[in-house]
Amino acid sequence: MSSTPSSQIPCAIVGAGGYIGQHFARLLADHPSFAPPLLIGSERNHGRRFGELWQLGDAPPAGLGEVRLRTASPAQLSSAGVHVVFSALPSSTARAYESELARRGVHVFTNAADHRMDPDVPLLVPEVNPEHLALVARRRRGRGLLVADPNCTTAGLVVALKPIWNLLRPSAVHVSTYQALSGAGFPGVASLSIHDNIVPFIAHEEEKVVEESQRILGTLRGRRVRPDGAPFAVNCARVPVRDGHLEAVTLVARRRPDREAILRAFAGFDPLSHRSLATAPHPTIVLRPEADRPQPVLDRWAGRPDRAQGMAVSVGRVRWDPPFLRFFCLSHNAVRGGAGGSVLNAELALDEGWLDPLGGGAR
Amino acid sequence: MSSTPSSQIPCAIVGAGGYIGQHFARLLADHPSFAPPLLIGSERNHGRRFGELWQLGDAPPAGLGEVRLRTASPAQLSSAGVHVVFSALPSSTARAYESELARRGVHVFTNAADHRMDPDVPLLVPEVNPEHLALVARRRRGRGLLVADPNCTTAGLVVALKPIWNLLRPSAVHVSTYQALSGAGFPGVASLSIHDNIVPFIAHEEEKVVEESQRILGTLRGRRVRPDGAPFAVNCARVPVRDGHLEAVTLVARRRPDREAILRAFAGFDPLSHRSLATAPHPTIVLRPEADRPQPVLDRWAGRPDRAQGMAVSVGRVRWDPPFLRFFCLSHNAVRGGAGGSVLNAELALDEGWLDPLGGGAR
Amino acid sequence: MSSTPSSQIPCAIVGAGGYIGQHFARLLADHPSFAPPLLIGSERNHGRRFGELWQLGDAPPAGLGEVRLRTASPAQLSSAGVHVVFSALPSSTARAYESELARRGVHVFTNAADHRMDPDVPLLVPEVNPEHLALVARRRRGRGLLVADPNCTTAGLVVALKPIWNLLRPSAVHVSTYQALSGAGFPGVASLSIHDNIVPFIAHEEEKVVEESQRILGTLRGRRVRPDGAPFAVNCARVPVRDGHLEAVTLVARRRPDREAILRAFAGFDPLSHRSLATAPHPTIVLRPEADRPQPVLDRWAGRPDRAQGMAVSVGRVRWDPPFLRFFCLSHNAVRGGAGGSVLNAELALDEGWLDPLGGGAR
Amino acid sequence: MSSTPSSQIPCAIVGAGGYIGQHFARLLADHPSFAPPLLIGSERNHGRRFGELWQLGDAPPAGLGEVRLRTASPAQLSSAGVHVVFSALPSSTARAYESELARRGVHVFTNAADHRMDPDVPLLVPEVNPEHLALVARRRRGRGLLVADPNCTTAGLVVALKPIWNLLRPSAVHVSTYQALSGAGFPGVASLSIHDNIVPFIAHEEEKVVEESQRILGTLRGRRVRPDGAPFAVNCARVPVRDGHLEAVTLVARRRPDREAILRAFAGFDPLSHRSLATAPHPTIVLRPEADRPQPVLDRWAGRPDRAQGMAVSVGRVRWDPPFLRFFCLSHNAVRGGAGGSVLNAELALDEGWLDPLGGGAR
């Protein structure tokens, strides 16, 4: 592991042993702004080499394979000088652990669901609702930030919806999903349950997609987010694909722009072009012209080259039969919809000056 | 092959070597009303043992494995005394071949797409629009019947829609599909294209589902079918599952029955209960109460026991949030949506007296 | 459930909730010699409907879907008049439970590994070593029989080896396996571990295949089995296939028969032809002449029609380059290599007069 | 496409549109010694954008996605100043085309099978038989080199065998394969043939593995290769895995080293350590200590970081029960066993001075 330049921010990954935790490690191992992360795991994984747990193909990031995971309390992380924590904790333990970290002044960027709907926690996608980051100012001084990224299905969806939202003013959004195995983490779904099969149910998923999408697309009014009012009808299913959530989307549009305007809106969407965020893809959306794209196996790593691979959202099969706009969108559930989403959130917070190295979340 | 009771109707399968053709053979090998079928194949398969081509698991039907496929013209089939032909011909060749059979007085029950939208050809699903069979009376005397079953995706969908159609009076129908590999026949999709992948495109499929569904749900006015006017927004995708098309359906309802009425409509749907059709499942729909059904691997053969296996349509995950009714339906694409659909059509025609053994389709 | 003819033997399935337990239920639901089975499950499944747990496709056997699993001790089963128990218990609990059943005079036919190598327990495959059944006479009078079937990989292998064993007198046997997901039961392997993957390790499997094969192919000398001395070199791997274990076998032969003699030995193997055992396939081996068989998806149910489906072993790609005989064999791991193996063992024991209805295993 | 430094060697890929051709493009797009390649395809692909054909996940190499494939004769390539051709031609056309290139003084490094057994064509794996490269001196002056890499299964096998070959002096080698879908190229195997299935047959594969392995492990005597005499017994099967050929290997050893010596031989194997070849992994073999490795999904890209990813051979599950040494090896069939093998051959030839830029293969 290279020595840490003094300008890099000390950080840790909690829940490092899981699938999302490993993606965090991959993204943070040589990040320009964050120091190589401490790897904090569950008691079950305490003392195990990170390389043993590695599930992402071939080798773990240079320098991290031989590291042994250890457990750590929020107090221990705070005492150790950790400034930012990336959380891939399971829902059962995230709420209290993350709150305690923030209380102690550590900034938390979390992929866990527990705090997503808290009124003072931004549910943030930098290309969609960067202004929601201001919600953190509701929290008392001295506390760390607590910023959540959305559910893996919501993350790709809201990116695909944003550029056409005002252009079409939808009266309803219909979504059916084709969700990858890794969305359930490890061990996740039993092979006999999903081999040669589709499972048309993922617990709480449809509800999350609806409420999270409405919140992210909502408007910041003072210190509250007012959710967008368009109804979402969502059907979620698990498919035998390793990575990459595909979604069939039909909007019922109130407006009637021409088709070219819609395509331009997708293809030209790059709201972070003026910032320099390491993990942001440019453009945000890859618009596929082919008849049969996007596909998980071909498009899940869109955003290449370099750090942003897996961060772009692919959109294709755009069919405009007013009032119905139909398209498919695809994103890497563990990157754009997981670890990458939170890393990008942290980069935005840093860029906005919220990660002041001297104090816990205050500016 | 057992000797043919004199009351059994001589029949043939054309396109017998393919996936649907093999399902026809499975269903007709010991059918109570139809004699064991002649197996007619393409030139490529001429002279090959049926057992060599068999793809459906283990052994072909008793008596058929050693039969050698041969080619035959419509004239030859007619001369040979074939009274009914079940067609699994590819679209490129079905139109002319089937028309010629009918012209020669042979009754044709076809799974091919070519004639489905002909005004005088019933696009028939016995549980949904049996009255459309009367369209055949438009055809000139002396001709054979020509009756089509719908596309494999449409077949399951219209069965699931029928019992709730008038109850909800939908203003729109949203469908996303999870279509099995065998829907593309053999060889179909390349393994590298679909392994660990979803392909969100099937040529002409979305258009077929829309126009066929509207026709089947339409009303017979005099000697014309007036399509149902509800708009369908359809997204089709291929998934790595061998058999069984799953569909996520959302109706936008104009009416507001209570949830129990909807469930009763699904579960009680058995419009063929008063007839004795060998291939009809009773009830037509299997309503699944579980949170995570229907699933292809568990439900594709619904309709058991006996001849009707794979003919029932499974419906589950019924969610009623007015105006949206959401559910998943599943049917065996090669049985209910293929060979079984046409066999059931022939059984209905026989029951209605259209397969008069003395003359070509006239009564 | 049909009423039990007085001649049918009262039986129970223990471990009924699992994958092998469900196959037992399928095979015993309408068995000519055994009454419909009691369904005994784990505490976790106590009170659950059998239909809820059903994983084998569509509907559970008529009459059993609505039955609720319950727990039962050996004493309770014995008191309830159960005469024969089919065991699909996990290894952790099988040993004591099965011993206690036998002590109480109940006959046990088990798929569990615990007793397989006990000197007085026949490790039995009726087509291969029926004479080993006599080992049960070592057990004290008044006790029930305890008869084991082998590991799912061994079961198919020894059937394929038997007809050529003396013909070739192998000096070594090399086996590599392609083992299906269901061999690990439910839930078994995590989907992320095996999707798009092969796992070249199954705990204890290689050792079991070696010692069990040598025992089954061994010779009964007095009241001991002397294992066959040929060394086995075995490599086991899990593959993403639902059912059906495929094995690549190379024998190093000491003898040099001609190729036709080898093929005749495989194809003509039917050592149970003179008995009337309901679950026995005839012939035992299906010799495939095609270049590319056997295959799991096409051949796992070999043995059709009727009760013996999944009980035949398919052999193909026989290549004879002395001293190497190479072939592939395939069998249904949960039928021939699981529940079906034990049912056939019970049928043999009944046929041999060991299941005297009046007393516990003595004759 | 970046401008070509004058020291880079002008090259072309023939058969660029296929799966191996795309891997060639990936490896050569920014190679230190070879200029960005011309992309030559079949007539069917003439004029198509390379990006349209791309099957390897996300984006084609920078600069190549927009290039349109074109056809070219050997004469045209020679006239265009192409110095080295990497061939991914199908067997039907490779022989004549490659011979003509060499006749015109163009050096050919081929993945095609046609010339592999020609006495004057080195069948080359740089870590195994670099001395065989001297065979090219048999060819007449003025001609281009013609160097073949082995079949995708052989390539990984001989690398795994080399370090232990003299240590164990095997009297026989037993191999069973688990071969990936991409080994059959595109379109390759039909999805219905391999989904939920294993196909225990690959045309001509077993014969190739035997004769190619014996040749590569053979000894150069004067200007001939004398094949190694150890008999190979090989069973080949296709499995539903995208990339990565796994092989179960059992050696029958004449010698009895201790286990540690065997492990050291594998782990320490790095015969190219003294050279600087861009595509060579160091060490050549990754010895896995885990109980359940190597696995395709985790190990196929071994050799990372950088250019050599997919070039290392993973070895694991080493079990030494004299006389049997059993292990599994895994390599990326399209990289080590395909395009990467030929690129490494070209790097060796360059390092050895055979690619003299002034003249056709003579030195």
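As written, the chains take the letters A, B, C and D, and residue 1 is the first residue of each chain.
In this text, a contact is a pair of C-beta atoms (placed from the backbone, for glycine too) under 8 Å apart; a residue touches a chain by one contact, two chains touch by 3 or more.
Please read these numbers as outputs of a predicted model, since none were measured by experiment.
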Winner on C-beta contact pairs when B-D is weighed against A-D: B-D
Copies subunit A and subunit B touch via same or different residues, half shared test: same
Where subunit A and subunit B are represented by their mean Cα positions, the distance between them in whole Å: 43
Whole-Å separation of chain centres (CA-atom averages), subunit B against subunit D: 49
Cα-centroid distance, subunit A relative to subunit D, in whole angstrom: 39
Sequence positions of subunit B contacting 2 or more other chains: 55, 195-196, 240, 242, 297-298
Subunit B-touching residues of subunit D, taken from the complex the two chains share: 19, 55, 181-182, 186-196, 240, 242
Contacting residues of subunit D [partner subunit A, same complex]: 52, 54-55, 57-59, 62, 195-196, 242, 290, 297-302, 304-305, 309
Residue numbers on subunit A that touch subunit B, as the complex places them: 172, 174, 176, 178, 195-201, 231, 233, 235, 237, 239-242, 246, 248, 250, 252, 291-298, 316-317, 321, 324, 326, 328
